[in-house]
Each structure stands twice: as structure tokens, then as C-alpha cells.
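Across the two complexes that follow, chain A remains constant while its partner is chain B and subsequently chain C.
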Partner chain A sequence: MLIFAARRIFQAIPILFGVSLVVFGLVHIVPGNPIDLLMPPEASPAVIAQMKKAFGFDQPLYMQYLLWLGRALRGDFGLSVFNAAPVWGQLVTALGNTFVLAILAAVLGFSLGTVLGVSGAMFHGRWPDKLFSAIATTGVSLPHYWCAIVLVLMCAVLHDWLPAQGMGDDSLPLYDRLQFLILPVVTLSLIPMGVIGRLVRATVLEIFGQEFVGALTAKGLTRWPVIRHVCKNAAPPVLALMGLQFGYLLGGSILVETVFNWPGSGNLLNLAIFRRDIPVLQATILVLASFFVVLNLLVDIAQAAIDPRIRR
Partner chain B sequence: MSQATLDLAQPRIADAVPLASAPGYWKAVRQRLLRDPVTIAVTLVLCGIVFISIGAPLVAHADPYVGSVLGRLKPIGTPGHWLGTDETGRDLWARLCYGGRLSLLAGILPVTISLIVGGFLGILAGYVGGLVGTLIMRTMDVFYAFPSILLAIAICGLLGNGLSNSVIALSVVFIPPMVRIADTVTTQARQLDFVEAARASGTTTMQIIRYHVLANVLGSILVYATSLISVSIILSAGLSFLGLGVTPPQPEWGLMLNSLRQAIYVQPYVAALPGVMIFVTSMCFNLVSDGFRSAMDVRLNK
Partner chain C sequence: MPDLMPAEPPVLRVDDLTVRFRRRNMDVAAVNGVSFALARGETLTILGESGSGKSVSLKALMGLLPDYATIAGSVLLDDRSVLDLSPAELAKLRGGAIAMIFQEPMAALDPVYTIGEQIAETIIQHEGTSHAKAMHRALDLLDHVKIPSASRRLKNFPHELSGGMRQRAMIALALACSPSVLLADEPTTALDVTVQIQILLLLRQLQQELGMAIVFVTHDVGAAAEISDRIAVMYAGRFVETATVREIMRSPRHPYTQGLLASTVHGGLRGRVLETIPGAPPNLAHLPPGCAFAPRCRHAGDLCTRSDVPVTASPTGAMVRCVRAVPVPISEVSA
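What follows is the complex of A and B.
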């Protein structure tokens, strides 16, 4: 088990290195120096040269990459080109806000999805199964940014139930601030609910069809211990997908954050794109992608801990 | 009547011969599809959506680009504009019809491109193996390390907006899973006994790939591709929604949703309409894909 974990961690290092290359490459794929694009046309060449030097854009590309990577490894992502504030500080605040949304949405979506999937498999072929499958397919096909708009429409425009935007002032009492969470969390939880629901249903059905389930029942085990065995067998693929989905929630909340004006990492990324703020852009993508790699690593190790067959 | 007898006879024929390679396989798939009311209904809806998009001038008489200052944000059911008007007074029904062209194109094109490129790379990696295979697969692993929406937004945001950049971004996002599927299936197919036999009896590499590998790869990759179209339509509309895809004033569902978002307090129902189109289209593609998958899965129908 330890050897498996060590080997997986070792394999993740070249991937992380590749990710940093892709992020850097993406940002520099656009012709032209980022500072030239940012400065007003009437700025004097001397000022532009000074800006380039200050942000390190005067160096050759490979030097820029090595310098950037070296500093990024020490947690120093430089200053924002837009407002000269340290990137790291902005990123931590934004990531914290996104994390709150992602964790709550994951808990809600995963539990609903599991319930839908298991009940669908239990009632296989009958009307509850069809109903639950329909709900899960709807969850998968919903454009979540539209769903966000519809929820705002129902809860904030047509009725005055919940706040439509933002995350509330710090001065508000906790109860009021929690209300700001409800709509974005519900919106974000729909896709994981659908995806997990469909996989749980398929996996549980497949396992029900295997011979060992019949053998356990024949051996005289009651309903619940049999279900426990089925769950343990269904866990690895479901767990893997949950890890992926949590990563998508962290990295993919940009659309929902835009609709709800939630000051998270997605919003930061969106602003950075429109401001052409290269340091912020690089840092946000790199950190989110690294999170995703680490998350997958943890899922792999957790899978191997549950299922010894995976540790080859 | 003859149809019914055919249906009854089918399982017995199917049981007698090895299914996947039986000549009647595709016939059986077609018959299972014809017996599936959901798939048929959903396919009809999809045909309808494609029809109003391609034949937009036939079904919508208003110009999707010409607005009217006085006729802005009219409600659903206004005479002359049965679905209302948008924030510059353009007829919403016309824009929804014409918008389908770009939305469907921006959704289907990336899947097609990634199907071809990803299928080619995957078969190459799986059949040649060795250093080339490792190189291809490890590169794909790096792209796998990005959440798909993040990668699409990053590429599109950096390349600048426009339909072609949105198509490029989504193609890059969809290639890695295609490569992985094609690689797995090819590796399996290469080791099959009859492929070994074909090679031993002097069949050329191209012939083996053409007849044995491609036939196996295409089935699984096509089913996956149909399910990707649904994701692709949601994502491409999402890119336009962020202002990264199609540029105004062109009609496109995601872009329309974004510009109408400001009008949500004035005409709430009109503002939600473009999203309904995205939702229905992606739902239909999802259900069609499900229908194909269960019709092609031999085990399920035993």
C-alpha cells in the first residue's frame, strides 16, 4: 500500500511539471508582449521599458518560465499587473470563497446522487427507477448558468425569498449571510447529483448481477449486510468520480460565480482574462489545476485502500 | 404483422451466432432503436430543432439583426413577436431560430474535430505503442490534469473571442478522452486472436487497422461522441455566455442569455428563453446517446 502510494506520488510530479508548462505556454501563445497590450498608446517607450523590467517581461521566454516556476514553488506569484497588489493574497481569499461553495455543493450533490442511484437500482425497471433516472439525466443536461438565472428568477425576482447576488456583508448576522449561499450551492450541486446518480445506479445494478451477491443471500445473510457488501464493491469507481466532480466544482464554478457575482476564484479568473492580467491568470490556472492533480492522487490512494485489487 | 414476427425471431438468431461480429448486429441495433419510444420522440425533437435552425428564414419572418427602439423587451404573446423582443427590440423567435445555427455548429464541430484527431492519435498510440505511444499518452495525461471548463475558458480567454477560438478550445478539451478510449480499444483489438491470425497470414498493417481496429474503435468512440455533444453545446454556449465565444450582434443562445440577463427584472420569462433552447437540445442529445448505448449493448438486451 505504501509502495503504491509512493509510486503514484512520484508519477504525479512530471504531470505537475507538464501542467506548469501548459499554463505558461497558454499565456504566451498570444503574440505580443503583455505589457504592450496593457499600456495606453500614448505611454512613452521609457515607461513601457520600465514596466517590462519591473514585471520581468523583458527576459527571454525560457528565463521567464524558470523564474516564474521558481518563485511559484515558493508561493510567490508576483504582483498583479492591473492593481499591483500581491497575487497570492487575492488568490487565497478567492479560493476560500470558492471552497465554501464547492464543499457544500459536493456534500449536497453527492448525497442526493447516491440516494437517487441506489433507490433507482433497488426499484430497477419500475416507475421510481424511471423517475430517478429522469431526474439524474436532467441534472446532467442542465446548463448550470441558465439554471442559476432561473433560480434567481424564481427566488429573487418573482418572490422575495432569497438574495440574488453577492455573498453578503461581514457585518450581517450569520443567518443572513447563509442565505446568500443557498442559490449558488443548489445550482452547483445539480450536475454532481446527476453524474453520481447515474454512475451509482449503473454500478449497483452491475454488482447486483454478479454471482457473489446471490451466494451471500444463499449463505443466509440478511438484506443489510448484503447491501454493505454491494456498497463496498461499488465504492471505488464512485469515489473516483466524486473526486473528479469535486475538482470540476472548484475549477468550473466560474459560470455560476459570474451569475451570482460570488467573489471566488472563477470570478478572479474572469476578471483576469478581461484585464489581461497575466500574473493573476497564470497563478489561478496553475493553482486550480494543481489542486485537481493532487485531488486525483488522493482519490487513487483512497481507492487502493478500499480495494486491494487496484494495488498492482 | 411481418414486422412483429421479425422482432420475435431476432433474439433466437442473435443467440445462435457470436453477436458483435454477426452480420445481423446492426440490423438488431436498428430494430431495438425503433422499439424505443423515448429515443424516437427525442430524435424527432432534435430534427425539429435542426429544421428551425437551418430553415430559419422559412419559419421566422422577422430579421434577427434589426431592432426597434420602441419595441424593446416586449412580453411573450405580443402581436407580431409571439415570443417577445430582446433588449434592442429584435424579434426573439427569429433570433432563437437563427441562433440555433451557431449554437449547434459550435457544439457539434468540436466533437467532430476531436473525434477525428483523438481517434487518429489513440489508434496510433495503441497500435504502434512504444515511445510514440508513451509520448502521446503522457501528453494527454497533462491535459487531463485540467478541469475541462477551466481549460476551455483559459484557452478561449487567451486566444480572444470568436467562434473559431471557441471551437479550438473545446476541441483541445475533448481530444484527451477520445485518445484514451481509442487507445484502450486498439490495444485490446490488437491482441485478439483473429487479428493475430490476419497478421500471420500476411495482411498489411493498413488493412488490419482499416478492417479490424477501426471497426472496433468506431463503435465505442461514436457512442462517447454523441454523449459529448450535449456537454459541448452547454460549454460552447457557456463560453459565449461569458463573452468569450461568438461576438455580438450575431444570434447565439449563450450570448442571448447573457445579454438578456440584465433584463431579468423587466421581462423574466423572455430572459429565460434562450436557456430553454440550450437545455432542451443538450437533454435530447443526452437521451439519444443513452438510447444508442443501450441498443448497442448486447448484454443489456439478452
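What follows is the complex of A and C.
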């Protein structure tokens, strides 16, 4: 098991390098030079050249990559082209805000999805199963930016139940600040709930069909111990999907963060794209992509810890 | 009671067990009136083709059939009526007084728990002992079923064992709470021939040590001859012939039993064309009237397809369900 974990961690290193290369490459394939965009049209070529030099854009691309990577490894992502503030500070704040949303949405979505899926499988073919499947399918099918707008309309515009956007400021008491979380968290949890619910249902049904479940009953286990066995068998594929979904929650919530004006990494990414803020863009994508890799690494190790057949 | 009555008081007694599966417009008569009694230390083999209702009968004995199965008749285990037990009482019985081993140990063991955990779990469920004590018992059990380096195997997962080893572990699991009846559902079918005989011998030996009754289900005439005291030949959900293993092997009386024996490969057949039973077993949703074997029977006449087939019992307790059977003369029995 330890050997397996060590090997997986070792394998993740080249993946991370690949990720950094792709992140860097993609940003530079996009047309438009950040300096041209920043400088007024009448700026003299000398000034432009000076700017380029200041941000390192005058170097050949591979040198830019190496310099960038070298600094990134030390946690230095340079300065924002837009406001000359250190990228790292902005990123940490934004990621922290997104983390709060993502973790709450994941806890809510994954637990609801698991409950829906397990109960659907246990009532297989009867009305609770159909109802839960309908809920799960609805969760996956509705575009979440649309849900976000509808929720805002219902809870903030038509009724004054919850704040419509932002995250409140630090001066507010905790209870008030929590209210800002409700709508974005609910919106973000819909897709994980639906996806996990459907997979859990299918996996649990498949495992219920296996002979060992009958054998567990035959050795005198009652309902709940049998369900514990089924859940442990169902865990590896479900964990894999949870890892992916959590990754999407961290990186893919641009639309929802925009609707709710949530100052998270999605919002930061969105702004960086519009501002051609290459250092911010690179840093954000790199960090999010690395999270994704690390998350999948953790899932792999967890899977192997649960199911010994995966350790090879 | 046309069936075999052992001399000792039976530990398991089944009377007129019937199982029907009703689903939508299907009505499958899987088991149609099976009766037998079994004393401690005895082995009854239920011999039959796939789909003859052998496994369904076993599952019915343990209350393992799905909700849509209708079960009638009576099953008495140590004078307790199994079919009338509450789910909680049934759970206590399963793995306790009555245990089961399966055809495919790989499929019947949970792949993500160690062998030791799976055995210990049964012990804890039934006896509420501590985990450490249960693991210690599991180790003894693995030793008992002759698994080499048992303490290492205890920590192994099912996929890390060989087929024969897995079946031994399955047997250890079944024996965890010293059952009085062991149900064996084709436990040797999925194994190599050399391993088959080891498992059969092991079962025999364990039975003698623990004094269990075994109901052994198989389609393998060789395995049946090896392990049984008595054999019940099952066809279309009915016992068509029951007798001691000697009687069945030497003088089968039902044409189906004769066909089964004749279609078995063994050394004496060298140079001869192997016989087969023509046709296929009947559809259990539409059983023909009279003898279910009649459409495949070379001796079938008008009498066979008319209502009920007479059951001929002999003083030894043997039984045959065929119109052609004549009572065995007393002289032949004593010989």
C-alpha cells in the first residue's frame, strides 16, 4: 500500500510538469499581446519595449517558461499586468473564497446524492426510486447559471429572504455572512448531487446483484451490516467521481461566481481573461490544475486503500 | 411420507416444500413438493440438472428467496419451523444453526474484506464476542480446514487465494458457529478435479468431527457418489428417486436416474459411445401433466401423461416416482 502511494506520488510529478507546459502554452497561443492592450495606442515603441522588458515579454518563449516556472515553484507568480499587485496575494484570497463555496457545495451535493442513490437502489423500481432518479436527473440537466438566476429571483428579488450577491464584509456577524453562502452553495451542489446520485444508484444496484450479497445474508448478517459491505464495495468508483466533481467545483464555477458576484477564483479567472492579465491567468489555471492532479492522486490512494485489487 | 426416514431423530425435516415464482403473468413452479428428513452426521445429495430446482430448494430452507417467491410446506430445523420465523430470528439462524457454502467462492466472498474479517464478522454477529477473540477463532477455523500458513491467509483478500483455498475459507466461514446443518450448493463445480476431491474429503472429515447434517447439491454424479449417504434425484422440481448411494449407483430404478448415470463419463465406458438423454428439461412455467420426464423418456406410455404418477416406496426407505416401478421384493432388499 505504501509502495503504491509512493509510486503514484512519483508519477504525479511529470503530470504536473505537463500541466504547467500546457497552461503556459495555451495562454501564449491566444492572440493579442497584453502589452498592446495595456498601453495607449499612441505610446512610443520605446515605452512599449520598456514595458515588455519589465514584464519579461521580451525574452524568447522557452526562457519565459523556464523563468516563470522557476519563480512559480518558489511561490512567486509575479505581478498582475492590470494593477501591478502581487498575483499570489490575489490568488490566495480568491481561492480561499472559492474553497469555502466548493467544500460546502461538495458536502451538501455528495451527501444528498449518496442518500438519493442508496435509497433509490433500495427501492429499486418502485416510486421512491423513480422520484429520486427524477430529482437526480433534474440536478444534472438544469444549467446552473440558470438555477442561480432563478434562485436569486425567488429568494432575493420576489421575497427578501436572502442576499442576492456578494459575500458580505467582515464587519457583519457570522450568522449574517453565512446567509450570503446559501444561494451559491445550493446552486453549486445541484450538479454534484445529480451526478453522484445516479452513479451511486447504478453502482449499488450492480453490487446488490452480486452473489456475495446473498452470501452475507446467508451467514446471518442483518440489513445494515449488509449495506455497510455494499457501500464499501461501491466506494471506489464513487470516490473517483467525487474527486472529479470537487475539481470542477474549484475551477468550473466561473458562471456561478459571476452571477453571485462571488470574489472567488472563477471570478478572478474571468476578469483576468478580459484584462489579458497573463500572470494572473497563468497562476490561477496552474494552481487549479495542480489541485485537480493532487485531488485525483488522493482519490487514487483512497481507492487503493479501500479496494486491494486496485493496488498493482 | 414416502421418503427416507433415518433411524435417529432428524435434525432437519422438510415436508412437501413447494416454491412458486409469480411475476406479472409468469407462474414458475420451481419446487413441487419435496420431502426429506436428515439426521446428524448424514449427507443427502440432491442430484439434478441445472434448472431442476436444486438451488431454489436450498435457498428456501434458509429463507433466502426473494419476496415474490411463494413458499409452502414445512421446514423443521431442530423442531423449529423455519418458514414461520421472523426476519430477526431467521438472521440468527442463518450462519448459526444452518450455514451454506456456494459454488463460486470468488463471487460469494466480499472482495474488499480480508478472509479473517469476513469470518470474524460472522462470529461477532452471532455470538457478540470481541474482535480479537473472533479473529483468534477465525485463525483456528482456517487451521481446521487445512489452510497452510493460516495466520498469513487471515490477512489475505479473496483474490489473493487460489480457488481451492478460497473454497476452504468459505467452508471455514460456514463452520464458524458450528452449524447443525450445512447446505452445500455445488461447492466443487467451479474447482479443478484434483481440488474437488480434496474438498469432498475435507467435508466428509469435518462432518464426522462435528456431526453435522449436510445437504449437498450437485449435477456431478461422481461427486454425489463420493460424498453421499443417500441421493435424491431431482427433476422439474420433484424428487423422482431417492435411495442410498449404493442402490442408486447399482440399480437405478427411475429412467431419468438411469439416463443420468449412463451419460456420465467414467473408466468403464472406454470404447463405448456415451449415452445422452434426448431433449431438454421442461419449462417450469408450463409443466406437462403427469410425469414431467415423460417427453424425454424412452419408456413413456399413455399412462405417464395422465394425472399423478404413483410413488413406490420400499421398506428401506427408497422411493421412486414412475409408473413402471414395481415394489422391490423383500429378498432383494435384504441381499
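Throughout what follows, the second predicted complex is superposed on the first by the 309 of 312 C-alpha atoms of A that agree within 3 Å, B and C clash if a C-alpha of one lies under 4 Å from a C-alpha of the other, contacts with A are read in each partner's own complex, and residues count from 1 in each chain.
Note that a residue touches a chain if its C-beta (ideal position, glycine included) is under 8 Å from a C-beta of that chain, and two chains touch if they have at least 3 such contacts.
Just so it is clear, the model here is predicted, and its values are computed rather than measured.
After alignment on the shared chain A, the placement of chain B and chain C results in a side-by-side fit free of clashes. Look at A:298: by the touch rule set out above, it reaches neither chain B nor chain C.
In the superposition on chain A, contact is made by A:251 with chain B only, not with chain C.
Within the superposed three-chain model, A:308 lies in touch with chain C and out of touch with chain B [touch as defined at top]. Legend: residue contacts after superposition of the two complexes on their common chain; A:220 is shown touching chain C, with no touch to chain B. Applying the stated contact rule after C-alpha superposition, one finds that A:26 touches chain B and leaves chain C untouched.
In the superposed model, B is the one of chain B and chain C that contacts more residues of chain A.
In the superposition on chain A, A:232 makes contact with chain C only, while chain B stays out of contact range.
By the document's definition of touching, of the two partners only chain B reaches A:18; chain C does not.
After superposition on chain A, the vertex angle at the CA centre of chain A, spanning the CA centres of chain B and chain C, is 70 degrees to the nearest 10. The superposed arrangement places chain B and chain C with a least CA-CA distance of 12 Å. Shared interface residues of chain A, touching chain B in one complex and chain C in the other, do not exist. On the side of chain A, the complex with chain B involves touching residues 14-16, 18-19, 21-23, 26-27, 29-30, 137-138, 140-143, 145-147, 149-150, 152-153, 157-158, 247-248, 250-252, 254-255, 258-259, 269-270, 273-274, 281, 285, 288-289, 292-293, 296. Per the touch definition, chain B reaches chain A in the complex via residues 138-139, 141-143, 145-150, 153-155, 157-160, 230, 234, 237-238, 241-244, 257, 261, 264-265, 268, 271-272, 274-276, 278-279, 282-283, 285-287, 290. Contacts from chain A toward chain C in the complex involve residues 210-212, 214-222, 225, 229, 232-233, 306-309.
By the touch rule above, chain C contacts chain A in their complex via residues 62, 64, 88, 91-96, 99-100, 102, 104, 107-113, 121-122, 125-126, 157, 159-160, 173-174, 176-177.
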